[in-house]
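Here the chain labels run A, B, C and D in written order, and each chain numbers its own residues starting at 1.
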Amino acid sequence: MHEKCGVVGVSLTDREAARPLYYSLYALQHRGQESAGIVTHDGFQQHEHVEMGLVGDAFDPDDLDTLNGANGIGHVRYPTAGGVNTCCAQPFSVSFKSGSLGLAHNGNLVNAEEVREELAELGHAFTSNGDTEVIAHDLARNLLEEDLVRAVKSTMSRIHGSYSLTIMHDETVLGVRDPQGNRPLCIGELEDGYVIASESAAIDTLDGELIRDVKPGELVVLHPNGSGYDTYQLVDESRTAHCFFEHVYFARPDSVIDEELVYEVRRDLGRTLWEESGVETDVVMPVPDSGRSFASGYAEAAAEDGADTEFAEGLMKNRYVGRTFIMPTQDERERAVRLKLNPIKSTIEGRTVTLIDDSIVRGTTSTQLIELLRDAGAEEIHVRIGSPEIIAPCYLGIDMASRDELIAADKTTEEIRDEIGADSLSYLSIEGVTNALGKDHDDLCLGCVTGEYPYDVEGEQTDRDVSRPIIDNASSADD
Amino acid sequence: MHEKCGVVGVSLTDREAARPLYYSLYALQHRGQESAGIVTHDGFQQHEHVEMGLVGDAFDPDDLDTLNGANGIGHVRYPTAGGVNTCCAQPFSVSFKSGSLGLAHNGNLVNAEEVREELAELGHAFTSNGDTEVIAHDLARNLLEEDLVRAVKSTMSRIHGSYSLTIMHDETVLGVRDPQGNRPLCIGELEDGYVIASESAAIDTLDGELIRDVKPGELVVLHPNGSGYDTYQLVDESRTAHCFFEHVYFARPDSVIDEELVYEVRRDLGRTLWEESGVETDVVMPVPDSGRSFASGYAEAAAEDGADTEFAEGLMKNRYVGRTFIMPTQDERERAVRLKLNPIKSTIEGRTVTLIDDSIVRGTTSTQLIELLRDAGAEEIHVRIGSPEIIAPCYLGIDMASRDELIAADKTTEEIRDEIGADSLSYLSIEGVTNALGKDHDDLCLGCVTGEYPYDVEGEQTDRDVSRPIIDNASSADD
Amino acid sequence: MHEKCGVVGVSLTDREAARPLYYSLYALQHRGQESAGIVTHDGFQQHEHVEMGLVGDAFDPDDLDTLNGANGIGHVRYPTAGGVNTCCAQPFSVSFKSGSLGLAHNGNLVNAEEVREELAELGHAFTSNGDTEVIAHDLARNLLEEDLVRAVKSTMSRIHGSYSLTIMHDETVLGVRDPQGNRPLCIGELEDGYVIASESAAIDTLDGELIRDVKPGELVVLHPNGSGYDTYQLVDESRTAHCFFEHVYFARPDSVIDEELVYEVRRDLGRTLWEESGVETDVVMPVPDSGRSFASGYAEAAAEDGADTEFAEGLMKNRYVGRTFIMPTQDERERAVRLKLNPIKSTIEGRTVTLIDDSIVRGTTSTQLIELLRDAGAEEIHVRIGSPEIIAPCYLGIDMASRDELIAADKTTEEIRDEIGADSLSYLSIEGVTNALGKDHDDLCLGCVTGEYPYDVEGEQTDRDVSRPIIDNASSADD
Amino acid sequence: MHEKCGVVGVSLTDREAARPLYYSLYALQHRGQESAGIVTHDGFQQHEHVEMGLVGDAFDPDDLDTLNGANGIGHVRYPTAGGVNTCCAQPFSVSFKSGSLGLAHNGNLVNAEEVREELAELGHAFTSNGDTEVIAHDLARNLLEEDLVRAVKSTMSRIHGSYSLTIMHDETVLGVRDPQGNRPLCIGELEDGYVIASESAAIDTLDGELIRDVKPGELVVLHPNGSGYDTYQLVDESRTAHCFFEHVYFARPDSVIDEELVYEVRRDLGRTLWEESGVETDVVMPVPDSGRSFASGYAEAAAEDGADTEFAEGLMKNRYVGRTFIMPTQDERERAVRLKLNPIKSTIEGRTVTLIDDSIVRGTTSTQLIELLRDAGAEEIHVRIGSPEIIAPCYLGIDMASRDELIAADKTTEEIRDEIGADSLSYLSIEGVTNALGKDHDDLCLGCVTGEYPYDVEGEQTDRDVSRPIIDNASSADD
């Protein structure tokens, strides 16, 4: 399960934008590890450097030195399943009649094909299959006849789906969030300028202050050279569609998204999990690191209820397990799990155990971990999950899994419990999620746990009145 | 002095195009060492692989395996002075309303900016500064309303300058040569298909037979899968403008260009050089490897005239001197020359010497070589050059040098002789060139040696009636 | 502060040793990231592959395929300050009169120079400055006249200092631990053989069972092809000198060292820390990840004492911060800390905070973290450290810091508190450590916290009767 | 057919040795492309950098900067058949009782195993299989009791075979050539010091003057810091065994070896070839570049005899064909030849041709070239080879081929002519070689063309009285 992208943009008074952008991308690295890119503008011309790999590998000091200008945007992109390719690395840059454009996109359009075909009818030729080039061409075309704000509004009225964008038009940096606010985007203030980013942790990294989330349907225009910013509420929809999984899984715990600190949300989800399905065992342990915040809230709530249960680490993670690694052969597979996570016998042996994680996608890892715990001598193993069952894929910007691969797509919770080998298994309820998030069901995108989407996706149900034409099943689009 | 590009295209009956394209590019490597690329089409979709570096480094066997299809084009590009960049590597690919396009370009447009601006007015957005993207957009736009041949003709009527193109439109491979035929392009037959290439040596490499040069203003359309080809004389100009420097310097000696074998042309130029300014010395030696064919013709003519002069190697080249190399410090500079070329004392000491080379650009190397020969004990050193003085830059696709750097731009031959330290110096006359090439002065581009160009270049004189509007000084355009 | 090495050796019945060794080294990666190496023996000849870099980078599948044989040893090495060099990567291999030897060494000899000079007198020539080559030459020489066990014993009687070795003599794998048992070494059983390793986590990774620690002064000889093993107590000293810092800092939490699970020791040290210097604050938070086990024990003990203090994460770690990274400029330095650790305001703001870490070396990081917490609005900041003040360098195999750099070398705890800017600061007492470890003061090496060493190091005091001649200050030796 | 190594050593007055060594190795690159290394000594300590790859790849400027000292040695090594390995890259360095030693070796010992075993009996342990480590250990051992000159003499009395060595003992650079002078070694003077090198072209590169060849059995000792040098004739044998193939094939044409300029020798061999077996054809052409000097001498002699034959290039070499290259599949093989060498039809078609090369090893290339020439329309093809038939392998430092692979090992010249498809074929006679070299048959090593060696090689005949014990067939030793 991967977030597909992270975006950032900065305008500074008297300082080159390249290094702050570089450090911001470092802070957003968890949102995309396939490629990294920065585009700046120095008042005269646009500079860009986009490369495959992690931020630390994609740039060397010389690269940063060539990225002149106090204004710029940046992007990180996730690893695709099949293989990497340079064509879709971002920001995507074009020059056109009235200047240059750079775009960094997080999200997924559901009508990209439709817009692409309309533009092709007008003679446009495309160098990639990405949504981003479609947005760039549409915006460039609008800018032939409209001013910047109107042109963005026109483009927003044509594209449909999930998008948080940072855009560079000559030396002006813009931030745009789709009318449902599906992907996060926020604005912050620096000592000497302003910053727009996918997550507030990127603002923290620059010693800035989070001002607020960019509102759904809002455009933020940073004044060149950091002197201020304007906002325009270009589209106003009655309902939003915030992705709840950003809170559960993707975002950094130290980010504030839609006014909630992710770490606290996860602790609250953990507390709710205890309330809904708590079980008193000798020990409560997280799957590191994904289950830690949940487990800590869960254990705390348990202790407050007087449960006699210890909160301890029972699985130790090898922090060197990464990309470069010779995979074990089939009969060494079990060992592969122990390379990553090694059970601590003294925590487990002869004891009843509650294992906490944030979610179950395919169920493979859960099965392996439970087997590990059994081998280590656990008496009972109770699994508690800090989110509801994932029963349907994501079409809005997350690389989750196909429906076939989702263990909960066609199995009851009891069947899943049986398959992974746990003594008991409980997921958090959907109400538990909405309560912990303090949001209305109608303002969240819960498509992957309900099968009903706040957008019209071909072949899927929608949970609302959608006036937009249905075009295509966007699952194969890659941005 | 660098050729800017080499292009190729093949259509085969029952064989993947990728490997033949790869070997062709290897044969054209001398025309561009910065990047290499191949685009193929398998009937359903286009595949591409473009990468920085030499052909051997840019492709690995897996890359070739993904380039499916029996039809394809390829490109090699020269190293820019400032630094490499991926944006202008070719072939350049786009998808548009009615399919896909790939373009490989050798040459330089003189009105690229004008065409680009016209297209921008219509809403086009560009990802690069290159000429090639301009041609691609114009052609794609024409194809909205015209058939392939008419669309190419329309584009040819808009673009002005030097171009030899291989184009892939879906699975059809095309070859186009500009109306003046400035850059070479030829067509050949394989056992199982056809090939279009910058030089006939690429056809030889595929065990093919050269059919003929593509005519100036001609379009060649290969039938998909190698079943045949059609030609269309789309533009017919009364005069051509073949680049004479292809024969003198760029092309491989084993290529046939505009019906002349380059090796023989160089020997003839060498013979003419003897006739025009021969001097009887103890020994005649080439600057390796550039002067060898000239020197061999010169020595042969001398012998026929009964001159008692030995033809021998006097400078030995270190064939490992290449790209990766720690440059000597200032006071080690002289040694740097000897790393590349080491004098053979027995050939030189106490003897009168004629040193033959193909051209003098800046004069630095000549100066160093003459000093080397003096140190090795040469009694007299007579320099003979197989081409006229280069007095002006090239705007048509060769990276020569700026006017400031050209030693002959503002110096007489006597002044040059004095600067390089030779006892005598003679260049070949312009008539000598035209005679040896068997071409009329009016059918050659001799801009760099006359200062009069067969195209309208802003700030330069033209040697013909030009009806096309002058747009810009194209010297900074990069293709 | 870096552990200098990790070692492993395996003998298997009917399986190649290379892959198990590879996975073991992965499990020991935290003990050395500079180089990795494996030596195997297939009954006829020795195979080796040693390379700079992390285990995952140092080996590719082909490398493993060439490492034939069911018996082998492996090594990981730490990054040196100045720069990497291949000369000291291990295992170190030699061939000699009666076969081949491979050695992997963790520790530091104090009389390497002396032994080296004695061998040089006999005509030995050395290819490196390392201790390991000295041991190899001495052992090879002894093997000319003695059997294997006696030869090892003779070598042990000559070398003095800290060493845990795995040795490959032809196809026999040995494990040796120095008479004081300074560095850890343990033996485990696999389904089809035996394993010797620096830490038991490596045995876990191979799905093996820890048998026991190798005893100080003991030699373990694995029968080729995993059929069994013999042990020989070659040297018997009345006192041991286990490094207590292995428990506090270096070893993996899931390793059992000298019969204690490191995770539990750290939790106990945390509990002791509460007992010794507990302070009731709104929140207790670890420095991630080093302080987590300590903080969890501390918070648990506090809760049992009825303290109203929350255990929460207050600093979030960016797990992508690693080796490749463009360092911030001087005035971006503060940001560099926030790239690595970002404060969570809701945990900190307006609250009194206890920050727990395992140790303080130079004090720089502590100073920065306290400043971060103050900026995030902490009311009070109390620092509690799970080990005593480090007042002296390590000469026995850990790359700690020079005496000048150690903040506690010449400062009182109150002065340190003042320098790092905490409201209060307490270290664990030495008795706290010995109690929690369940070891006698006399059986531990506490040199870095007492300044008295269990070995004779020139210029330093010793805490015991040492009969061995003092040779040199070994601080510059590099193994 | 590969030369196995090149060596160099310099002592300078007031300049770092690293860069001159680097440029020297560049000049000797043709003698070894697998690895490159430099060892220097700055008066206090030895510095070294040895790496796989070409000189230009093995060193970066930082590497040179760390190689301090005005005295140093260097080495290049050839590519092994099976694969590269770092163990045998040179110079080989050791430290021992009385200082440090670095050795660079060109040649092959025939009794390395014997000396190794004697040293092993004395307790020596070896890190490699190479001859060089054996020489280093022996020399180090001798230096325990003897002064430098006597120690070298003792070592020379023990080792047997072919060797040209540069040695660094602390800051003293030595050069040693084996008593038969099998491999070349010469000494030169620089403005500010002295240089010892495999070939005089390396001296030229440093703007130095060749003084003379190092004599067989001679030791040259450079005074540290370039103030002078001493020579010692340590061993005096009545007969030498200069490798004639250095002149024919390996050495650079611009090197002077044993007082003969290689280029002139090759021209003379070409002249002799005409005298012995000249045939009057329309054209004489070299196989580029190996046959060029021979062909030029041959054609000149022909012209002097009044033969009506043109000297021309008929095969054009693609200078980009190198290491990185995707090999053609089986049925693309013929194309592979044309990638490397393309026939020039105008030189060949309808004409009788003499093709000149320096040698034939396996015969594969000759077969392919003759087929190419036939396809290009040659009427007759006469092959003339500038050396005798190679009928036996080399045991003295050249990687030629095994006896099985040598086409002339078991075929008559007529059979070879038939196999390669030529109309006639002649090799140069052995007398032709000795005459052209101006050396006595008894002073040359002609083992590969006579099957009789000037050393005792097990299983082979010797052409002289050899008093040394026969030890082993050295064909598998790798230096």
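Following the convention adopted for this analysis, a residue touches a chain if its C-beta (ideal position, glycine included) is under 8 Å from a C-beta of that chain, and two chains touch if they have at least 3 such contacts.
Which protein is which chain? UniProt says A, B, C, D = Amidophosphoribosyltransferase.
Everything numeric here is computed off the predicted structure, so don't read it as measured data.
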item	value
C-D, A-C or A-B - pair sharing over half of the B-D contact pairs	A-C
Chain whose average C-alpha position is farthest from subunit B's own	C
Whole-Å gap between the CA centroids of subunit A and subunit B	50
Distance between chain centroids, defined by C-alpha means - subunit A, subunit D (Å)	62
Residues of subunit D touching at least two other chains	none
Topology of the chain contact graph, where touching chains are joined (line, ring, star, complete, other)	ring
Inter-chain touch pairs (all)	A-B, A-C, B-D, C-D
Subunit C partner contacts - residues on subunit D that touch it in the complex	86, 92-97, 101, 117, 120-127, 129, 136-137, 140-141, 144
Contacting residues of subunit D [partner subunit B, same complex]	19, 22-23, 26-27, 29-30, 54-57, 59-61, 64, 201, 204-207, 252-254, 261, 263-264, 267, 289, 292-293, 296, 300, 303, 310-313, 316, 318-326, 328-329, 332, 334-335, 338-339, 342-347
